[in-house]
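Input: structures, listed below.
Shared between the two complexes below is subunit A, which pairs with subunit B and subunit C, respectively.
Take a look at the complex of A and B:
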């Protein structure tokens, strides 16, 4: 066996073992640790007999069915809404003057954590929020906030809207990255030369090619929306709440038998996701089948009058698409500003647009409360992002050494890496908690770092893969020949040349870690507080101003790391033009 | 110092890309290998250097300065390679790039001594005082020369040249070609150059890769 093959084998085997012990087995344990209690088996608290009792109890609970309806409704609405909007925006705005602007605004929009956005968004849309203040009392006639249920509405609409606003940028980013694989400009030119309009060319030629790359992100968003708890607590309906929130409550009740009920509900949630994914897959297959004829049907001849109306609809579409991105950007900006203003407000009576008295008190008051959670969050974030980055580099270095035929055989790793993204968090975290309790690892910093690593890894890998695999490995070869050491070449040539994307991927990982709610809740065991846990607690508390301070920290912490990730490489390579 | 290739062959799956190569190059000599594009010229060099991609396999022996090297990984073969592109490391300055080639000298030579070697090398190429320059600010010809210096400072036992002139424009090409040939002569190392351009061949004979034998320039 040659040296290279041996090296590849060592790489492959270590990646296999690492992912087996740190990803696959714990997830399997987490799932089993949820499924068995769902069937009545949880010996650690004295349930030794399998039974359908928990399942029956779950279905008999008065909230279950309405919760499930709410969850399914908001999930489908949010995911489909965001997906359709994102695709429509890409189609409308591609090659328009705003396209560059859209691209540049993606980063900042994605950098805002879901939770901080949700808390700020609630400040904006609430009956006493900014929007209402803007039209009060002159237009609305309200001197006191109306008694409307906008936030926490019974139909989970504000939750769905917040999800749509947050997921559109994500889908657009995924679409952009899928677009780099095809030649969109040429495709549209060809389409135009055959008589297709821009939109027809997009729908018939570009979108079908994009879709295969968007399928996984679509399922991931489905899974996320179905099992999201922190956002649901802030914006979602209260009684009944969404299914995930209900499950979370059951898991945290003092009555231990309710955990079994929670476990069977969590298992049902997973089944619901599988059913939803199956449903959407069937829909996709049906659409592709029925559209095949339509795809190749060609251009229907247009009458002159129709062309006129087409021009008009084009103008309308342009207006609508610009309004849509304006709404997304403005709501994010407003939400963040609302947080800022609230955090510095002392007295802010209802119809006033701004506080009448300002103060630093809220910041000072929460400082003491915040130090521990901030340190924990930073530690966990830095450690889990670093681990995830190292793991991503190991995997990618291995994949980059495979030839094209073998590259297919490395897909299992990608599958394992992405798996935690597709699995609803609440469907296996309880099992993980049980496993950690059994191993006496619950509530420890190391377990916390590990569980965050599970969810950070896919994002680190995703944000690094393309650049890493596109690296011209002749640099690495040359470096090895010149320095007579592969290791040295790797450290002194490849890593520095990829420093920028590596730093960025680290920052993405850190941000993902900061935003984790359920993993911290289930593994921290109340002993490790994080800023996100505290933010949710504060948001459900009574003091809006403290809640705003917490939410801002949840946003600022990742922002600092993003800024460093951009600034440090620039500073390091300030004199190296080709590196920028 | 010399290099001998015996029945060296590269195959994709089981199909050989070209007839077995048998050749010997003495110190200070240049063997030019010619063939149409796509006939496996770069793969031949990769087989000698040890950097073949995994879908390709090499057969045959490579004897370098009396030692068989075909079983060694690329970084231990003591071979330098020069590509069409300069592939200078963009994150290092000129001196950094050249010092990288002197890594092997680290245990025996101080930093000052190594910098002195760098300065000498730059002077020999007419680039005295360029140590602190950013790679991105250099002209194509300067990059090409520094890239070659970097390969040579690592004291390779064999220099491989993969169409090193084809990216340069007409004027620079002649000058750089002359620079390369004198450097090989001066340092007394064997060199193998692959090209599809007969102008790159200073010798009356070249090795035809597709034919599998030496040929004269018509």
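Take a look at the complex of A and C:
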């Protein structure tokens, strides 16, 4: 065994051990800590006998079935909607004039926390909301808001729409990162030189290559939509609510035996997710099988006459894709502006477009109260994002050193990194809480950083992996030749060359950490206040003026870090033109 | 960067926070301060006289508690959804810091059930001391769950000096929390009574009972709702309807008899079936909670809302959360009322500090400040005739808020039904309306 091989092995083993102790084992403990109560075992409340009682009770609950139906419906609708839209937008807008603009708007869009967006969005579209106020009372004739069911509708449509709007930027980001590995331009040229249109080239050549990198993000969004609680509370239906909200209610019901029912429902949620993922996998396999012939059969170049209608449909498609982008950008902008106005309002009633009385009081109050939560949030975010970034670089560096044959054997690491993202949070946090309490570790900053790290790591890894692995390591070798040290070359050549994606990945990690609600709730023991915990507490009180201030803070923190992630590399490398 | 430096940074911040919060001027006027201080000085001088003379064992025990409590940090877990209430708690924390060197940290929770669940997790992990919660705001079902599962510290309120001032005779809900005997396991903090709020600009006349509510809504379709069960306010509204509509009211003080439940609650379901089509969004969805209903009332989506705090409307008008045209009303046969409490969990780390804070919350000073509609407007648990003349006068001087009913207008307080009704009503309601 050569020295290099041995180093690789040590690298691999230590990564394995690190991920075993900090990711796999705690999560397994968390799952067991949920599954045992699901099977009737929770000794502290006097349940020492395994039984199916909690499961039976769960299925007997009147809301269970319809709740599950709602959750599945909104999850599939939101995930597929966002995925299809994002792919279509990428296809339509790639290399168009708006492409750069789309790329630049991703950061701010991703920085908007789901909860903040939901609160603002609900206000924009409600019958007493901003859009209605815009046309009332003059145009609409409404002095009082109409009794229309828009937000909290019984089919969870408003929830799904909000999810679609929020997940499109994420999918676009993932597609962008997947595209760095391909030479899209050249690929499209190949298609074009054989007479294929842009879209045909994209669908036949680009998309199939992209998809393998989008599969895991797709499953992650599936899992997120299925288990999201804070967003569904604001926008989802109330009677019955989505399954995740119902589970959360059960976990928090005064009747402690309901914890067991909650635990078994949380376990069922995990099974549902597994089934959904399985279903989509089967669909994927079927589509692949079905389309293989079509993909390779080739189509002779279109005849001239068809080209006219082609052009027309392309204009329509352009228009539609621009409108879609506009809707996403406008709704995000409106939602955040609404929060901004609310945060300065004192009295604001329908149908006034703007508050009738303004006040700084909401902000003054927040200045007194939010110092601690803000500092906690920033510390946890910075620490967990930094740890996750370092871990991602270690893993990726290791993976990049493997030759093609070995590369397959490193896939298990990717699996482990994704693990926390694919599991619905609610399905193992109760168990993690029990474990931390037993170790006297709950409510500590270190445990909080750790639990955030779990959810931050996959995003850091995801947003970095493609660029990092696409890096041509011959630069590193050249550097090593000149500096006589692989380390020095790594620090002086590879890291600076990858500085931009590294900074962006850090910012993504930070934003993810800021928006964590359930992990902070279950691990913080209420002693570590974060801005998101405060936001949800305020939103449960529903005084929009205070909620708005908190939600804006929840948005501003990641925005600052995103801005820094863009400007610091530019500033650092201002003199190195090739870096930009 | 090590974790250690992170910890240090955080600790430093906490200290800063404490010193800063002391520097904030209290909302009490100097005049008022004098009013509060006088009886306090009296009490403390009495205590010190007694300390020189023969102290009773009880007084000695309390002195020991005060001694133990010094420099403790109490984590007070309370629902944090109302800034008015959070401000009040911060005020109270400042007082006990000054008077007894006890630091109180407010841990805001979105639901007291979360705290119960946390305590449960601690218990299942075998942590019988050093718990993360020292004191919590609780009542009703959560209290019962804690009592049934041994999540409460030993009975303690009988040892708190201010407990003797509580009006246990005329406020039976201070002894029976939703019919569960309190057994000195939690200290009464405030009183609540179901009241309705309506916008007089948009509705000429307020309903007087459940039946007339139907009539009102015929002319104002879609302008009333209640939060979906198991929300606390939603459950309360349904219980209120049941009390008004059930034939044999005596059944409610007894545990639910499963066989008869459907039959005796039939009038309730018939009523709700009639009510829902007239409600907001035709009863197809419901507001999340009473606070959201306040927003909806403000915007005119609703004309009628409900609250468990008789001062809520006044408070909201003062805060510009509601227009001044909003008024409070109750049903003519009376409305449900109860008491909310603070309890010490079985594994509290700073139990002594928590008791000192609980005792302070029941003090005339704290209760008076709390009853002020400009502060919180939460009715007192104290008995006026047990107070000193000065305190009594201060309570009498409290101005009623612009939309607050006086004691006689508030009418009869109806006792909560036996706690088994809650679960039964919730599941029956869900089976009908949340399927």
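Annotations
To be clear about the criterion, the second predicted complex is superposed on the first by the 474 of 580 C-alpha atoms of A that agree within 3 Å, B and C clash if a C-alpha of one lies under 4 Å from a C-alpha of the other, contacts with A are read in each partner's own complex, and residues count from 1 in each chain.
The rule we apply is simple: a residue touches a chain if its C-beta (ideal position, glycine included) is under 8 Å from a C-beta of that chain, and two chains touch if they have at least 3 such contacts.
None of the values given here were measured: they were computed from a predicted structure.
Look at A:144: by the touch rule set out above, it reaches subunit C but stays clear of subunit B. Between subunit B and subunit C, it is C that contacts the larger number of residues in subunit A. Looking at the shared chain after the overlay, A:223 reaches neither subunit B nor subunit C. Using the contact criterion defined above for the overlaid structures, shared-chain residue A:401 touches subunit B, although it does not reach subunit C. Of the two partner chains, subunit C is the only one touched by A:251; subunit B is not. Of the two partner chains placed around the shared chain by superposition, subunit B is the only one that A:497 touches, whereas subunit C remains out of contact. In the superposed model, A:175 lies in contact with neither subunit B nor subunit C.
Overlap of the subunit B and subunit C contact sets on subunit A: empty, with no shared residue. By the touch criterion given at the top, residues 42-46, 61-63, 66, 127-128, 143-145, 147-149, 152-154, 233, 237-241, 249, 251-256, 259, 346-347, 349-350, 357, 365, 368-369, 371-372, 375-376, 379, 383, 386, 430, 433-435, 437-438, 440, 442-443, 445-446, 449, 521, 525-527, 529, 533-534, 536-538, 540-544, 546 of subunit A touch subunit C in their complex. Those residues of subunit A lying in contact with subunit B across their complex are 2-5, 8, 401-406, 472, 474-475, 477-486, 488-489, 492-493, 496-497, 499, 573, 575-579. Listed in rising order, the residues of subunit B touching subunit A in the complex are 49, 51, 53-55, 71-81, 83, 87, 89-93, 100-101, 103-104, 134-137, 150-151, 154, 156.
Across the complex, subunit C meets subunit A through its residues 1, 3, 6-7, 9-10, 13-14, 16-17, 20-21, 24, 75, 77, 80-83, 86, 105, 107-118, 120-127, 130, 132-133, 140-142, 144-145, 148-149, 202, 221-223, 228, 230, 280-282, 284-289, 291-292, 294-296, 298-301, 320-321, 323, 423, 427, 430-431, 433-435.
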